[in-house]
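A, B, C and D are the chain letters, set down in written order, and residue numbers restart from 1 in every chain.
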Amino acid sequence: MTATLNVLVGLAMGLNLVALGSSRLPGLIRAVALQGAVLGVMPVLMHAMDWRVTLVAIATVAGKGLVIPTLLRRAMRAANIEREIDPFIGFVPSLLLGAGGTIAAVALAQALPLLPEHAGTLLVPGSLASVLTGFVLLIGRTKAISQVCGYLILENGIFLFGLLLIHATPLLVEAGILLDLTVGVFVIGIIVDRIQRAFDTLDTRKLTVLRE
Amino acid sequence: MNAYLLIIVPMAAAALAALWPGDRTRPWLLPITGAAHVVLSVWMLIAPPAVSDAAWLGFDPLARAMLPAVSILFLCCAVYGLNYLRLRTERPNRIFVACLLAVLGLLSAGHMARHLGLLWIAVEGVTLAAVPLLHFNGTPRAYEATWKYLLVGGTGIALSLLGSFCLGYASIHGGGSGDLTFHALAAQGAGLSRPWVLAAWVLLLAGYGTKMGLAPMHTWKPDAYGEAPAIVGAVLAGGVTTVAFVALLRIRAVVAAAGVGPVVDRTLLVIGLFSMVVAALFLLGTRDFKRMLAYSSVEHMGILAIGAALGGAGVWAALFHVWNNSLTKGALFLSAGNIRRAAGARTMDEVGGMAAITPRSAAIFVTGMFAVTACPPFGPFFSELRILRAAFATGNGIAAAVFLGSLLFVFFGLTRVVFGIVDGRPRTAARKVRERFPETMGVILPAVALLGFSLLLGLATPSVLIEAWDAAVIQLFPVP
Amino acid sequence: MTPYLEVPLRLVVLLGLAPLLPGIINKVKAWVGGRRGPPVLQLYYDLARLWRKGVVMSTLASPGFIAGPAVAWVAVVAAIVLLPLGPAEAPFAFRGDVLLMIYLLALARFGTTWAAMETGSAFEGMGVAREVSYAVIAEAAIIAAVLSLSVQTGSVSLSAMLAPAPGAGAVLLAAGLFTVLLAENCRVPFDDPNTHLELTMIHEVMALDHSGPPLAVILHGAAVKLLLFSLLLVEAVLPLGGVSAPVALAIIAAGVFVVTIGVGLVESLLARFAFRSVPLLLTTAFLMCLFALLMAWKGGAA
Amino acid sequence: MIVGPCIALAALGLAGGIVGGRRWPRVWLALTLMAATGGLGAALVLLAGGADWVWRSALPVGGEVIHLRLDGVSAVFLALMSVVGGAGAVYSREYWSDREQRRSAGRGRRWWSGLMASMGWVLLSANGLHFLLGWEAFTVCAFFLVTLDGRMKAVRRAGWLYLAASHAGTVCLFAFFALLAHSVGSWELGPMREHVELAPLFWLVLAGFGVKAGLFPLHVWLPSAHANAPSHVSAILSGVAIKMGVYGLVRFSGWLPVPAAAGWVVIVAGMVSAVLGIAFALAQDDLKRLLAYCSVENIGVILIGLGAAMLGAAHGGNGLQWGRLALAGALLHVWNHGAFKALLFFSAGSVLHATGTREMSRLGGLWRAMPWTAGAFALGSVAVAALPPLNGFVSEWLIYLGLFDAVTTQGPAAAVAVPAAIVLGVAGALALATFIKAGTIVFMGAARTRRPAHAHECGVLMRGAMCGLAAICLGLGLAPQLLRPILLRATAAWHPAWGGVDPGAPLVPLGTASLAVAMALAVGVVLVFAHVRRNGLNRSVTWDCGYATPGARMQYTSGSFGDLAARWFRWILRPERRLRRPRGPLPDGAVLVDRHPETMLDRVLRPASTGVLHVSTAVRRLQHGRLQSYIVYLVAGIAVLALMVLLGGSQ
């Protein structure tokens, strides 16, 4: 089971790099959606089969894999943008950063004191790498959609870390957290939509009116 | 049971508001719910219910020491909001009223949460529920502010989730069951895995610090406070920051129980002082009086952090300061809102002579400014003096010096802006403004009430509050 | 002798003799210059004539124009009453009377300068500005001199301060006080009473618009002030502690005479300094008094 | 005991004034006068020999029970506050009347009562927390009084500078009281000389109260605030408010142990303030600014006395004798300066009221239109120049006596007493020059512009207030021996070991001498006047060496008058001169403008604040609106926190 899990985490880490390297927004959104779906499956793998876990998993997959990407795609189409042009951190440096970060995450995870049953999984390095990727996207991209994707990847990373605790935390809490995250991204999606309407663009370089 | 009422009543009211048909009558839900909430919280302040250790939610001493302040602030804001929404009939208020009530419910939940995950859920809920409030004005500026609030705040709150997981993992790694109630975590004490505890503290401090608005995570604050309606600013500055501070206090107690108290206190002290210095520097130059309030809030969050870093006496003073900050900042926001509406602008370059145009609001604004800069006899003076005393008592002389220096520069900055707006030659004819924005009792009295409460806190602190703060300090610093 | 008798008696003698001093100075100057000069009693004649004359007053001036000289005169007279005459203590001797004396002289300055400013004339303004400005350094010198006497005798009362033998710094003190005397009484090299260019005067220019009795009061006051400073100088420097009263009085009279002749000689032999070097000279006087003080201090400590 | 009821009366009057002052000016005046009488009565009864008044109430304010105490030292200041407060109230009824200042008159009355009440509270409270409470309230009241006429930008700037400087001082006091409370374990104040470890706190006291007192390098706020405030406010600011700073210094140098260097520092600070204050005053052209700088000088004089007292107390032995004299002089000078400076500000206010300008070079010849004001100013000038037989001399004389005694004993303090005595003399002479200039340029000669030509004398209330203060100046000067018990009481309250011996004893012969001099002066003046009248008096134009048509613009100006002595202080005065000489055969448009800005403000504080603002601007640039960077800040914050935890956690 650990092997399956590791494959999935490895897939998620690879999707990080895809997200970092794709200059076209549809590709980015697709990578994020896929990562969300992959993550959604994991609790089912780790937990004993339970209707509640299944429900959570379905909700996750539906939210992260379908609803949010759809929202983002709609906004993207409305704003009539396809590409991330002239990002703050270029694609190649982003990729290098992401790759370096992934290696560093693996190294760091080796150094961290982990329980024996977690030491063999890629959960911690995958989580750290995703968080890092999320930050790179948040910091390095100029299109609001790309940033939202970055934020999603950041959350995915945290979700990965949360899987370490899946046996300890009560499901109610887990569900609440998931719900919050989903609603959060949903709200972000709405705001992106509104910004698109108010500013007629999703380029965050235009969103610097509020300043000292 | 009553404790749950504090959450259920506003949530139910929020649901009701979402369903209520009439835009004109819906705002009445605000003061009604606020009053009910005040009655409940004050009742429980006076007669605290027993809370079992294992409870996930409960009106425990810490909640008792802080929640009534939020409750009172909310009531005053609600009364103000009733009148405010009457002036804003051009915008539908269904979502606004519902979300504001939901914020109150989630704030109550956050204050009373005794479980790490629950706490996070409540705080994230507040964050999300506040979003429609922020862009109520519907201007591009408002959306920009909301966007930044969401992403910076969201990142912060995500980090605090990571921190919560780390703390949970510390428990599991230390051989615990992974029970994330604060009581269980603190009981595990030194059994918690130290590296994970430290990592958790860093992430949680950064995360909830973002919510509080500690520098350098404060960047969303001026934008959000500047663009949101006054009432939202007041609730954010007096309520949301408070709940984040409660979270930090609870976590600090756990982390200190794990045996890394001194390290943790040092980080709190440094980040608090840094926030004060940054706020002072920003205040020296800012020209927008609503953004000014945001930086002032950053400064006060710094003060709270410093208080929390200074041991029992400091935490006591910080609890005291939470009340003072909520109430005086509320009065400032409400009067600033009046001035903003009357003047139609909000920088020193465009606004002037408000003492002639809106004399009452200007008077409240000036009084509130003096109150918030620790001029006696208002509450903040007493709490800040106590923090200073605690700093000297714990031998943090340099910190005290930085604290005082920042207070001085903050005073310079605030007085510069406030008197720039209040004094001088009015830019618009007073008569014209009075037609557009009558200074009715409805928009004056709430602010006066808040100031009056701040004055009362300073001159004659109710003994029940003193007792509540004592109890909260005992809860946070259990005598072994 | 009771003070009720003594004060009038002293006043008569001192006020009566005071106008002699300018006469003597003028006589000495004439003698050095090889002229016959005005009679020694010339000032008496002038005063008598002025006292009988009417007054012409500027339309701008207030009653203060007349009150000022009167105040100044009374202040100087009151100051001289405070001076002891050798073993004969002053009728009003008390701790700190020396300071009262100094400040009475300042009051006199206030009176004359205020009155001078009343006319709104630029000449008077110029004179007053000089008078009050130079007084600043002179004041410092006087205080230093008094301090040195005070240190030497351990007292702050004129009668005690002026009685005993002089200390080590007597010469310095004498030089300093003499310079202050010249400055305070507006003699050469600080001021030239006989010049004919108003722009270069201090004291005389202040009295430009005065006439009649107020002018008489001013002139007499100036003479009394000169006498006061001469007495102070003589008594501060000469050892009068041990001698009997008549001898002491004789010594004082002789001393005042010598000082007066000295002033005359200085006026004959020196030219008026440029105004910009006046502060320098006064500062020198101040330093001399200060050094006298230091010497007195060191002497006392030894 | 009559003290308690008197204070209750005062409190009642002031509370009534605050409540009803806005609507009912007459009632307010009556209440304020009642309060002033009450305060003065309480203070005088106590100083004349009543026991210390202590009142504790069970009522807590801010968590501390009210503890009031009136002793010799505070009674001195309370009496001054009552007198100037009452006189200012009378004066303001006419000067800042509802008719002329419709907007601010009512507000002004309320703040005035508030100011008196808070100053009284500061003087009475024997609790550090309450002291701070009153202190800050008093600062704020004074601020609103200074900015009563907020329509003018200069007024607002001056008010802000005052508030900012005061707050800087208050911050020092925050630290002081917090440290004190922390060390002693209670907010209660009282004599605690035995706590030797408290000595270093004196530096905070000096900085905190020094700002309020207007000690030389800390006086930056003083000139503009005094100049721009309404004149009755200037009077109470200069007469009383800055004395509250002195009160703090006196109070806490008496109650707390002081470091060995404290006396030296205070006396040197006093010397610097005295000389430089009056040097700045001499150079001013603005009448009220001149008076303000003169206050700096007088604070210097007071501090010379206080410093000598501290040295005396520290050296013991005969130091007790001369220290006591100096302290008596200093405390008496507090009264005297309060009386004559208020008088001078009242007359300056009267001039301003009548002519609308404070610039001396626009005034002149006012005595004819305003004889009362001119007389009051002349009297005040004599007093402020410390000339006998008025009150200014009495106190300086006592300080002199203390310093001379310190010199004659040749102890270590003599090394500083010598320069201090000389500085007193120099400052006195400069004050004489300053006030000859001010008095005569404003009131004598011919009107320099049209403004003074239409001047009018002030009304009966303003005149009454001036006459009252003039009477006090005269009374204190002529009968100083009446002050003996007061000085005995006050000095004993400062230092418990100083009871018993009477520092006022030398005043008895001085009183006789003063009286004699005053009578002689009166007789002399009357005689000369009578004689002049008998001989006949003719009026003519100023002779002016025969110049036929003297004009008003040919008169000596205030600038040229002060220039001679002010030039010696060019190094610190830093005058700004704009000069365009007349050129060519038909010259026109020659200009000479001399400005004497506040050097400390312009050369020290302004560059410093510009530096801070540069930093602020640089920091504010970080908030540039780009979300990406905000997240970088967040990450950087985490990194730094992590580093701190790593470093700290490994310990």
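The rule is simple: a residue touches a chain if its C-beta (ideal position, glycine included) is under 8 Å from a C-beta of that chain, and two chains touch if they have at least 3 such contacts.
Predicted model, so just to flag it, every value in this text is computed and none were measured.
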item	value
Identity of the most central chain, Cα criterion	D
Which of B-D and A-B has more C-beta contact pairs	B-D
Separation of mean Cα positions, chain C and chain B [Å, integer]	77
Chain A and chain B: spacing of chain centres that average the CA atoms, whole Å	31
Centroid spacing, where centroids are CA-atom means, of chain B and chain D in whole angstrom	43
Distance from the mean Cα position of chain C to that of chain A, given in whole angstrom	99
Residues within chain B bordering two or more other chains	147-148, 151, 155, 195, 222, 282, 285-286
Where chain A touches two or more other chains, by residue	138, 147, 204, 207, 209-210, 212
Where chain D touches two or more other chains at once, by residue number	620, 623, 627, 631
Touching pairs - complete list by chain label	A-B, A-D, B-D, C-D
Touching residues (chain side chain D, partner chain A) in the complex	620-621, 623-629, 631-632, 635
Chain C contact footprint on chain D (complex, rising order)	364-365, 367-368, 371, 374, 378, 381-382, 385-388, 393, 397, 400-401, 404-405, 407-408, 410, 414, 418, 421-422, 424-426, 428-430, 432-433, 436-437, 439-441, 443-446, 506, 509-510, 512-513, 516-517, 520-521, 523-525, 527-529, 531-532, 535-545, 550, 552, 554-556, 560-565, 568
Chain B - residues contacting chain A, complex	115, 117-118, 120-121, 124-125, 127-128, 131, 135, 139-141, 143-148, 150-151, 154-155, 157-158, 161-162, 165-166, 168-169, 171-173, 177-180, 193, 195-196, 222-223, 226-227, 282, 285-286, 291
Chain C - residues contacting chain D, complex	51-64, 66-67, 69-71, 73-75, 77-78, 92, 94-97, 99-100, 102-104, 106-107, 109-110, 113-114, 117-126, 128-130, 132-133, 135-140, 142-144, 147, 150-151, 154-156, 198, 208-209, 212-214, 217, 279, 293, 297, 300-301
Chain D-facing residues of chain B, complex	147-148, 151-152, 155-156, 159, 194-195, 198-199, 201-203, 205-206, 209-210, 215-217, 219-220, 222, 260, 262-263, 266-267, 270-271, 278, 281-282, 284-286, 355, 370, 373, 375-377, 381-382, 385, 388-389, 392-393, 400-401, 404-405, 407-409, 411-412, 415-416, 419, 423-425, 458-461
